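Have a look at the structure that comes next, please.
Each chain carries a letter (A, B and C) given by its place in the written order, and its residues are counted from 1.
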């Protein structure tokens, strides 16, 4: 592999890893704080991508679509929490798995009803449609860099939120002990709703960003979900730092796996996970 | 010559920067009840968890019948004759008292791995369970489901389960906790009846009970052993009085 | 009283299964066989979820391995011997579960759910991405395996009724095996582990080894179901190992009520029935299935097996 190819793959790996982080961080937060295992989290990524597709069609530009889509996704998350997830906090993992599995079926079929089963493309916004030439034959699309930049900005915002705010204090405590959290003078129902909606919005935003690159297709959420599980297992449940590091590791493993051993590329991330399980079964950044 | 069954030498356990146990040494002798005292947070439960293998030690050595068992996990130590009860009642609530003990006895059954034989068909396991229940005074309650037993009976059942494994080193974490006077008296009688054949470590808050039954007392404070000796020596110790017994009437 | 009622129910079910293929409806005979195969699959998972306390979300992997092993062990241009491919599939799935179990059992609780799913997905990719089993297109089992032992031909799987009865016999055997296992010392130990693993360790049980054995046995039984599935339909695709399959079997077990052998079988039948009815109504039947699942979790905790008790309580204890 020559240097420019390596560089391109490295950038792709980081971009993919950062997108994963948007999904995995919500997943790990929702578990860490509310103790809910949310299989439907990948579906929110899919919802984001289809929102991007629909709203881009409506407004003519992905950027407008994203501006409209994020509040929509946040509201959708808050609604779902109120309707369904709030009933799950006291249930065991088995019931959480089952209910959120049922939700996946509903989202997938709802998607099929509304948009059909075809693959759809979404245009890169004209503003970022350029490419940066690297050599005579190789170039790198600006939009992919924009994805990475947006993800980094979001990750930074998330870390600020966790380190500097009262909400972040709850997140850092990582406790699903409602009494303890309430003792801190925090409205627990509202906190849960906000965290959940935030997780949904993060995943949906990931889907919107990815739409022009990966296109919009059936089953896209499930694939992301399972890889996000791998990320959470490697990073340690409840740890946002762990999710970030693990996302990048998986981004690298997957991208370079595809380049180096194309036939077994699908396996690369799982082998990384198996290795981590042998080394540290509770994840690299597991706390308390 | 006293028969030392369990000896701990310099046990230390750190959680992060905090040392929950620091250089704790003690030994358990067959025929003796060794009481472990100390205020809340002194590290008594940690000490039991280290001895039983529920927690790994940071440093130090544990000898069971002279053999080093420090690296062994809890189930291996159990098979070597070490049994424990928990501070919070820890039984199989949906099983009958008998089944609780039968399962405990089954752990020593060479055929425990059989997949098709009937669990209740093994007479020697059944007998051991029944005699353990009898010994713990629960013979008449053997068909009652764990959850339906009174609190005191549940504590008795915990000890019956340990007896059903045939353990001769008993680590008992506050067996009297939450008991009424009558239940406590029964438990103390049980402990006395077990004393001749067993080496017993008794973690307990109830001072009267401790001084009634203990042959040796170790006092822990802030993870360390403050003092260890015969009951009358501990009662007389100024250091213990200051650090722990505190109010004058407690030593009466 | 209750015992006798359940015996009667079992007898009625057995007679129905034996008699049903005489109705001469090829479609429903095959459907019945499919439901019974899924019942074996659900039973195998219930051993983990309901009795050992291990919520596996990747059980389809072993079903799929059993199915693929059946096809891959069969010669291309001749019928395979049933007595080779069926045990072969069981052993292959059991071994796979043993190896994967060594990894996944290092975790517990919610990690276990995620890790079993991830490993199942890894197995999925093995069959999906490599040429081992025809890749994403799947692979055909060209001939029904032959049950011949020497010159003796005890039954013919090519005949739909006999095939259905053979599946019924294996369902019965699986049930019997699990019922015996649960009464055995091993069975009591795993139920103890589900109830209180810490206590079991303190009593001297090497709990991880017990869990590993249960995981391997459950995998092997899932492999049996997968093998029968491949024989019934003559075709396997990576879809059999997909996580939808894992979700569906978990649904059957929970729908029926975990920790109940009859519940698992009932859950499998209910699942197949719902699938049939819903897909008759609309091609978006998964929407209805999802709705049923969500409603079941919200309004029917304990599954179908808890329903009689709930009904009885709702109508007052005075009647009983």
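Just so it is clear, a contact is a pair of C-beta atoms (placed from the backbone, for glycine too) under 8 Å apart; a residue touches a chain by one contact, two chains touch by 3 or more.
Treat the numbers as computed from the prediction; the structure is a model and nothing was measured.
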Among line, ring, star, complete and other, the chain contact graph is line
Closest chain to the protein CA centroid?
-> C
Rounded to the nearest Å, the gap separating the Cα centres of subunit A and subunit C is 32
How far is the middle of subunit B from the middle of subunit C, if each middle is the mean of its Cα atoms, in Å?
-> 43
Distance between the centres, which are taken as Cα means, of subunit B and subunit A, whole angstrom = 49
Would you tell me which residues of subunit B are touching subunit C in their complex?
-> 52, 54, 73-76, 78-79, 83-84, 86, 90-95, 99, 102-104, 106-109, 111-120, 122, 161, 165
Contact residues on subunit A for subunit C in the complex?
-> 31, 37, 39, 84, 87, 91, 93-95, 97-99, 101-106, 108-110, 112-113, 222, 226, 229-230, 232-233, 237, 263-267, 270-271, 273-274, 277-278, 281-283
Interface residues, subunit C side, partner subunit B - complex = 180-181, 183-189, 192, 195-196, 198-207, 213, 217
Please name which positions on subunit C make contact with subunit A in the complex.
-> 49, 55, 57, 103-104, 106-107, 109-111, 113-115, 117-119, 121-122, 125-126, 128-130, 243, 247, 250-251, 254, 258, 284-287, 289-294, 296-298, 301
